[in-house]
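One structure is given below, represented as structure tokens, and several questions about it will come after.
When the chains are written out, they are named A, B and C in that same order, and each has its own residue count from 1.
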Amino acid sequence: MNILVCFKVVPDLDLMPGGDWNVDSRLRVETGYVKNIINPYDESALEIALQFADKADDDQCSPGLTALTIGDSKANLHLKTLRALSFDRAVRIDSKEDLRFRPETCAALISAYINKIGKNNVVIMGRQSGVGDNAQTPLICAEMMGWPCITQVSSIEPAAGACLRVTNLVDDGTCRQTIEPPCILAIGNAPNSYLRVPTLKDIKAHGQKPVEVIDAAVLMATGGQPALPGGCELLGIEAIDRRRSGIIIEGETAAEKTQALYYSYLKGWLAGI
Amino acid sequence: MSLDKETIVEKMTALLGKDNVVTDEQVLKESSVDRFRRFEELHGVFTQPIPAAVVYVHSTEEVKAVLNFARENNINIVPRTGHSATEGGLETAVENSIVVDGSGMNKIISIDPYNMLATCQCGASLQELEDKLREDGYTTGHSPQSKPLAQMGGLVATRSIGQFSTLYGGIEDMVVGLEAVFPNGKVTRIKNVPRRAAGPDIRHVIIGNEGALCYITEVTVKIFKFTPENNVLLGYTLDNMKTGFEILREIMVNGYRPSVARLYDPADGSLHFSHFAAGKCVLILMAEGPKPLADATGKAMEEIVSKYGGCKKVEPKYIQVWFDNLNWDVGKVAEEREEIMATKNIGNTTEVAGTWDIINDIYEVCVERISSEIPDITLIGGHSSHSYLNGTNMYFVYYYNVVNCRPEEEIAKYHLPIKKIIVEETIRAGGSMCHHHGVGKHRTHWIEDEYGSSYYILETLKEAFDPQGIMNRGTILPGR
Amino acid sequence: MKYKIVLNGCSSTYRIQAGETGAFIRNNLESQPGDGSTIVFYNDGAAKENLIAASPTTRLHLVKINSYRPEAVLTYLKELEYGIECDLYLFPGDYAGSELSTRFAARTGGSSIAAVDKIEPGSESLTCYRAIYSNYLRGRFRLGKKPFCLSIARGLSAGAPGNQIEKRQVTESDFWDLPENRFTRDCEFTAADPVGELGRAPFILAAGRGVKSREKTEMLGKIAKELGAELGVSRPVAMSAWAPLDRLLGISGTMARPKLCLAAAVSGAAAFYAGIEKSKKIVAINIDAQAPLVRAADVAIIDDYETVLKELVKLVQSGEPRE
């Protein structure tokens, strides 16, 4: 099995100072001041792939693991970490384009990578990532590859006959199914899937190996399928104002405040339920 | 052994009332430890003797009554306020201890802007005091990372220090007067005067006593004008710590007083600055105070830095956004607990100090030894965050994966061997093994080495004020 | 604008899908129930009369299939719609709907966008609005290529049944015995309540990471019961498995619309807030007055959640009994 895990590095938007959303004339939002994180769904995807490899190792059919990201050099740090966590390859498709709302371009790059270089047969990625929030890349990728796609996946285990045992949510329940690759698995909410941390020894042993950098334009020019027409163009961005009255209840002790809350507000509100 | 648990609870209840004596099993367990043992705690494993009770005191008189009872019955007392201690100072090392919690003594008694004094009870939260002062344009100048958690009694008891210390000093520079109760029941008050030369400065018997000599009930600290609009914030990236230490030294010896002077190595920096300074050291400076002074200090520091090659200026907003998220509130503590459980990766710290000529060597040798000698290390680095005319501190930060060991073995397998390296290398070089977290219970093995011949003074203080050894046994000095 | 609504009649969520797509059309297009039509995929398990009765449009096309597999449905849908001109395909905001809309656009050469909360039709294009930047911002987009394939934002409307429609025009097709996909070897399905207690609850107690442990989360579950509320949680709480996933509130979980929500030890990140935004009243309990939720609440108490909630239980239980 040859697994490709795709991830994206995003700013931790919860750290953005309140109200500090500046949109420039090119509809870019300045988020460079806050720390970057691996998109939470992608973090789950990476950890789930590692857990899968741990389990497959026990069954002596250890899969190849590649971590892939599209973007600029700010992702290198994370790629090195993944290298140290025993991903066999860490690849960055170098692109300086604004891909925030271009899931079709991301999908085309990923497909081109699979077809031309990686020859992977299982692709794992987060279902959505937190800047564009498009929630479309795995689906478009599946269309381009002509592969099935399982969404809202929460766990993946090895199964006999080079298959995968996949648990995923559907609208009215949960499925546990045995899947034969090739396939694309889009990770949804997956409890207990924080990415593990490599030791300095791991970093020394593996983390120094170079990250493979592939130029996006070159990758596409040398035989990638052209991106499917996206036809979705960003026209404007507005802030969402969520303020309510935000009355802070005063009082000396917690009990006093709670009583004030109850008698002045809650009692009435509860009566209306 | 002295009284049994039931009798202790009964007597405490008679003294303080039922509501103020807590015997809930879980609370008692959590009160047997502090952050030092949080890996065990997270796993629900408690290896320390469980206290007989946690009692909540609300007045100096009550503290006195509790201490009298403890002395008469030879019961170990562990004073507590914010419960944010990191070095085992809150561990109940003795069976049937009483944890005396002063967090209910939380009144801000007075704010005196004419004489620039603020007086509060030991359980007053620093965050609340500071917020209140700032509303009126004043500040304590004290801003430890634990500001949202810690309280005045604990802050004084540990000789704590804050992020603006290079201008305002540590807590010992801020405390004017105090009230404390000694284990013989004596209530002592030290009055508020600007200075005096009437014998040794006895405030220092109380400041930093870590609950091992007396119970602090009231604190008066200085207040300062708060003029954040004048702040000049500077940030730089640079290639190595040595240059950074040189810059800090030059700023200090030339008589400048930045409020913030922080230097991060690349590893520690990766936890904070990877979005703009990956692989680099980061130097952060801030000048504050009256505008002409802040401007002049800022300008002079810029000039000093500009003389050193390889320093690249960072847009201040990067630093500001980081700084605004730096303090640890309860939410961050919760986040950390969740991550430790999920990844079995835990971070700890040890802070030391040394003169300018040794600090870089201490830094280098410790990083080198820890990364090569300790298993499963995932990060070792540190920062200097408090500079003085004569030297600076080094705050080591280290993370490791806890593998192949039970929760209760984590400390012996990882944390103590790391601490040992840092402490021993520091003392060997001539520095101090404790810069601001206090000795707690896990650096006591080296306390004689730390003091050398002056250990006599320390030991005599303990014998004089706590001859029975009922005050926080095993803290600062090894338990007898 | 010619539109079609595509619904999953195999799912117990059919009525919700029909309700929310119908409401979306009413709110966004000046259109009569007769203008569009609905395609419903269904199988043996579903009662046809009910599917017809809840249809959001007068015209509907029932397609009988073996079981609802996205891969198969896409093939059938493409076959059904081959050569037919249609401007807009509208899918519900659930998992199946958002998946189909994107993939269907890819197959038909149209343009697609997921989780849309509002549209404005133009002559040759469609303007769509949706949340971006983890729900902190909202983007305005233009779709330029027909057919426009949209899924709507989750929790946008209550999914109430729509206009009363007198008479339906029903057509049917049957793909019942077409071969199944071959990549699935076996599949066990465990049914769950699709709306969940949280989706229906008039009163929610939401717990965030600040509760600190599984034990405390369980304790809050009890407090919720005592207060007569349902327990909801933020993502970190669910991801640590302190509470089951069906308790998750927010863009990745339930978009609730209770009358009252008490949010304890939750900071109020936008991705969470979306899940309680439709609450009539929001009360924040947080030790940090600067937490974003405090400003986004109607009232707030700045104090320890545990002390406050325990006190509240006393007050509620000593008060007049509620029905």
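Note that a residue touches a chain if its C-beta (ideal position, glycine included) is under 8 Å from a C-beta of that chain, and two chains touch if they have at least 3 such contacts.
From a predicted model like this one, the values you see are computed outputs, not experimental measurements.
Contacts between chains leave no pair untouched here, as each chain touches all the others. Note on interfaces B-C and A-C: more C-beta pairs are in contact across A-C. With centres defined as mean CA coordinates, chain B is found 38 Å away from chain A. Remark: chain B and chain C have CA centroids separated by 48 Å (rounded to whole angstrom).
Each chain gets a centre from the mean of its Cα atoms; for chain A and chain C, those two points are 21 Å apart.
Residues of chain B found to touch two or more other chains are 342.
Chain C has residues 240, 267 in contact with two or more other chains. Within chain A, residues 192, 194 each touch two or more of the remaining chains. Contact residues on chain C toward chain A in their complex (touch as defined above): 8, 11-13, 70-71, 94-96, 98-99, 102-103, 106-107, 109-115, 127-128, 130-145, 181-192, 194, 202-203, 228, 235, 238-241, 245, 248, 252-253, 259-260, 267, 269-271, 273, 277, 280-283, 289, 292, 294-304, 307-308, 311-312, 315-316, 319, 322. Those residues of chain A lying in contact with chain B across their complex are 11, 15, 17, 32-36, 74, 76-77, 192, 194-201. By the touch criterion given at the top, residues 13-14, 16, 18, 21, 23, 29, 40, 100-101, 130-136, 139-140, 142-144, 148-149, 151-152, 154, 159, 163, 169-181, 183, 188-194, 228-240, 242-249, 254-255, 257-259, 261-262, 265-267, 269-273 of chain A touch chain C in their complex.
Within the complex, the chain B residues that touch chain C are 148, 329-331, 333-335, 337-338, 341-342. The touching residues of chain B, counted against chain A in their complex, run 270, 272, 274-276, 278, 317-318, 320-322, 324-325, 339, 342-343, 345, 371, 375-380, 399-401.
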